[in-house]
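Here it is, the structure, as structure tokens.
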């Protein structure tokens, strides 16, 4: 577990995670200087590929924000590359079974805990020569819970050794459960399902993390006890900021 | 003069110009879909070079916003490349004399008005085979007025044939006049100097354009009669939006 | 099914699909302005990776051609990313069994039809806010039939719900059946095998699509009743055009 | 003078030069394998910047074609960079006076002939450690003659020491003389003006080079005695090849 | 088997393989001109993705070094793309079972030996039109042996038809066996395990290849009979060279 | 003057400057972690353009080394862009006259000292909001002395206000004076000429900086009193390191 995660836990506060969907070292650097605890480079739905992710990891490295990454899928090749490139944590999409969670852990942990291949080319350069020996402790591994199947298998997933916690994707979970991908849904069933995941995770001693769109919702969820909350993606911030700029100008045009 | 410029003039409204400092086709596309009349790719202070500008011109081309560009300097090589790549207008920095304004016009206009070299490789592809014959009419050419020297030479600059108008850079103008690069200064002297440029330009039948940071200021300036106003750069929007997201989250953290 | 597919069917004409193997937004834009009904970005044999494909999707977006993509393999991570980035259809290589076809459909369709993860970051921006609700209907999903095993399993593959049709790769099919990767082979057995796939597909109410090299062959195949035909890859066009230029020059050198 | 130039002269044949406007190492490599004597990377009207030109120089280096470059303008910084990156010749746009020709030569030749700064970082790597000592002999330097002013000053330009020859740009010359940028104009005046430049250049012992669009025109011009002829740009070849493919398909659609 | 492999074998000498971890055509070109028999682009632990690998393949193509690649994982999509892009051999990570070795061979060999899909877009361009017919013979296929499981299954792996040899990764093997990723360990057990793999491979008529860090160790291993040895990665060379430069300067600072 | 320059001066030690010719954020990051006082991105002879320089500035920003840049030429557009992008100093090539030195200073200093245009887009982000007010003091401005003309005008150049010092390029200077571009020449005349520049510069209260290839020579020059010495370019280090690796392997091959 990283220092920032440990520190926030000891403070009783949620980790605040920003989100990067734009493939650019410049936008990543802007976000890195904004003050998030952690920043996640999204290689799943974000428009970002591995080569650009490396530039973004460098850009984040110009400040003290902790860099995480979401791979496109639960594939060992890409997950290991992201870690070798310096990502200090993985948020893995679509972990629906304990077997898939074990596969994720295997990709993230060195033997004997897992099967991560050795070669931390950039990670050793920027995180120091002691990187590999402590990596199994410092790398954050979160499995996304975002389907009915994952809910059904949640106890087994939470029991997987080496998994630090779960990360709820409410859009996909809502789509899977009710056909509605609203990330901040007011639907009672959605609220209950999501809260249930948090309670089970924390009862199992795992980190409970949640994807949100807006800072207001993230704040409320942190208030309810989530350990780690995301909000404010770069893409959404720019789309909404540009719309607001034009709206204000046109107001009395 | 472009259709959008002509249309806004006939409506008695200012052209609303957005600003691109981030080197990315993705952020350019987000901005292009937001609804600006025109978008300017800034190759002077923006972190953008020619190769990336071409991607951004393509991204802007996915919507109907008119693409403009600010070159790094008043150099014919770069200005002609931007036009060949499809920019439909040039906002040229640091035009301090009539000679410099003539040099700018020469780079933007085909003979006999100027000396633009023939080879509109992408412009013909995307703006159609009739591009070159009408380019001297449709390409917008604005000279930036942003130093004491430019003020001193303003009448001569405004008299240069082929120049469509001037674009005031208040940060540099304030720095040159008073040592203060505040773009939206409340200093009476700055306000007077800037207003004076607009009046002279319009009296000479030229477009009066102004750089602003915020939509509120841009709206006020449009209300005072400016023909063309900029606000809301992508970089500034993202920096402020990220700060605001964190501020809102921390509010009751 | 996309409008262009539907329109061509109602006209009784084949969809004409161009092919992109060169990793460049500029060549993609040239092709987009040429007049193809659809253009496929080839991430399998083409020299194109995801990051460049996004630029190419933007370049295609400057005209009205419909953008499709062929992923490197039948992998959900890459397929979903291509759709999120704005591809409006998937031509998936090496679908040899009904299980593989179901896996393809699962990656392309939102619940309840499939398991596509929610996050259409660019697709919503450029195809509009209504994108996701209609995506299961508008996204074209074609499975490539290109091995003996696929022929053996063709009936089962055609029965998979959510699959719009099949796309025959004659080079691989010839290689698998006869050891000969000639795409436009005159071998009677190849001709019969390929025609047989078309008949079965159309009998099952599916789109029958065929890869060709030359426009002449594509035209003949359209005449035989194929619904969707490819020809004229950018790479092949440039190789042959350059050779022809030199040949003509040398003719009387 | 390069070997290929010398060899073609001794054979009494024109050098055949291809043209690169597309910013891509892949298209450059396709062209490099097609069989041109020389290939020119166009940084003026082409959509190519320095960083991409380096990739293209590498791509051309995979075959034996000689790489040349056209800079965006007659600027020493860019010209020297292109030479350091391995270009073996410069075709410089818009050389209108002997002073401009001397400036061009100064940028291309080491002391005492010129003022080229020393640092052939890639050129030494790929052309060998003897590169610098022979560079003043092997680098080809051609000044573009493409305006009325250049015609007026032609004798003085041709007298500049260190200049290998001139390169006529008929589009710009036609625009400057008659307002018509047709590169292969049948206008008698254009034909006479262009032929006059060739005669003067060859009388002065200089290489006479001509830009053409089509191989047929290039062949005719070679037949008239031009030493060096261009045709068949990558961009034009792809645009026309794609159009031809669609035309052939639609013929009996 | 490639000519260089065959030649070295006939000479009784080991193939000397260099290693590329830096994502850059320029560093690849520097390495290509240094004199390695082969150069491997590392897409597993190296900071290199497919798009950059294509540039690097072009850069290597400017000299006569044979280009190989290590994919991120044993995945057919990426392996086939690397071969289509011109890599003349594959060093595949983490092959632990005969089934995985067969999967690797299937991705690398055309039918009937394997299932490689047909479309050698760049390979045919640069290796000639005869490329595909001889590819099953010329493409080098090496399976990495780097875990206890692989040791346990070594005989079965070596028996897989179409596999040219094995490549020992001593860091991962040491980590798997003893928890120690020292690539050039003096531990007797490690030395014995590694030597055992070589003996078994050569007894089975396969190429025995070994990853090393330093040229001194590689030389010793070649002396012990390894057929193919790696040393001197670009990244390690630059890190150590820079440190040595500073150390020498500071020595008497 | 930057802190590192000031600190070294107070210690009586030379600033140790590394050199970047390779266009890559990864190699820049490797160099940034090696321990140089300053690192200069070479946009003149290096294979680096502006867009890549921005990535390299980010990479350098992951450690505490001070980033400098050498522009391709003494052009205000490019110099200002490099400063806006975060370079903390400029080493400008080919400053031969006081007029050219004044032009350099004008590009680097804000009014009233110079004419630098206001817009420190990245510099403010990474160097803090106080950047602009202190920039005239913290930005290092060095003029390269590398021709006979520069020697002739040295006193006038050294008298230019706002210039921090001079930087001798011994290769160009040797080429200009004696036709020999040996950077570390033993020629007495070269040694005397170079030492003379140092003495004049220091007598005028300016920084005396020198380009070297090897750390041994740099150490000797620091010992002779130079204030700032360069050695160990990334390109040279990799070329020599690779050659040394192969030499050691072949030694007893």
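Letters A, B, C, D, E and F mark the chains in the order given here, with residues in each chain numbered from 1 onward.
Following the convention adopted for this analysis, contacts are C-beta pairs under 8 Å (C-beta built on N, C-alpha and C of every residue); 3 or more make two chains touch, one makes a residue touch a chain.
Keep in mind it's a predicted model, so treat the numbers as computed, not measured.
*Asks:* Given that chain D and chain F are copies and touch, would you call their interface same or different according to whether over half of its residue numbers are shared?
*Replies:* Here the answer is different, because the shared fraction of interface numbers falls below one half.
*Asks:* Of the pairs C-E and D-E, which shows more C-beta pairs in contact?
*Replies:* The comparison resolves to C-E.
*Asks:* Using Cα averages as centroids, what's the distance between chain B and chain D in whole Å?
*Replies:* 34
*Asks:* Return the distance between the CA-based centres of chain A and chain B, expressed in whole Å.
*Replies:* Their C-alpha centroids are separated by 39 Å.
*Asks:* Among the residues of chain E, which ones contact at least 2 other chains?
*Replies:* Within chain E, the residues that touch at least two other chains are 23, 26, 30, 47, 49, 51, 54, 75, 78, 122, 125, 235, 239.
*Asks:* Classify the inter-chain contact topology: is it line, ring, star, complete, or other?
*Replies:* Per interface graph, the chains form some other shape.
*Asks:* State which pairs of chains touch, listing all of them.
*Replies:* Listed by label, chains in contact pair as A-B, A-C, A-E, A-F, B-C, B-D, B-F, C-D, C-E, D-E, D-F, E-F.
*Asks:* Touching chain B in the complex: which residues of chain C?
*Replies:* 25-26, 29-30, 33, 54-55, 58-59, 61-62, 122, 125-126
*Asks:* Over in the complex, which chain A residues touch chain E? Could you list them?
*Replies:* Checking each residue of chain A against chain E gives 49-51, 54, 75-78, 80-81, 84-85, 110-112, 115, 117-122, 125, 132.
*Asks:* Using the touch definition up top, name the residues of chain E that touch chain A in the complex.
*Replies:* Chain E residues touching chain A: 21, 23, 43-49, 51-52, 71-73, 75, 78, 93-94, 146-147, 169, 171-172, 175-176, 179, 181, 235, 239.
*Asks:* Which of the residues in chain B end up touching chain A in this complex?
*Replies:* The contact residues of chain B facing chain A are 13, 16, 18, 22-24, 26-27, 30-31, 34-36, 47, 215-216, 218-219, 222-223, 231-232, 234-235, 237-243, 245-246, 248-253.
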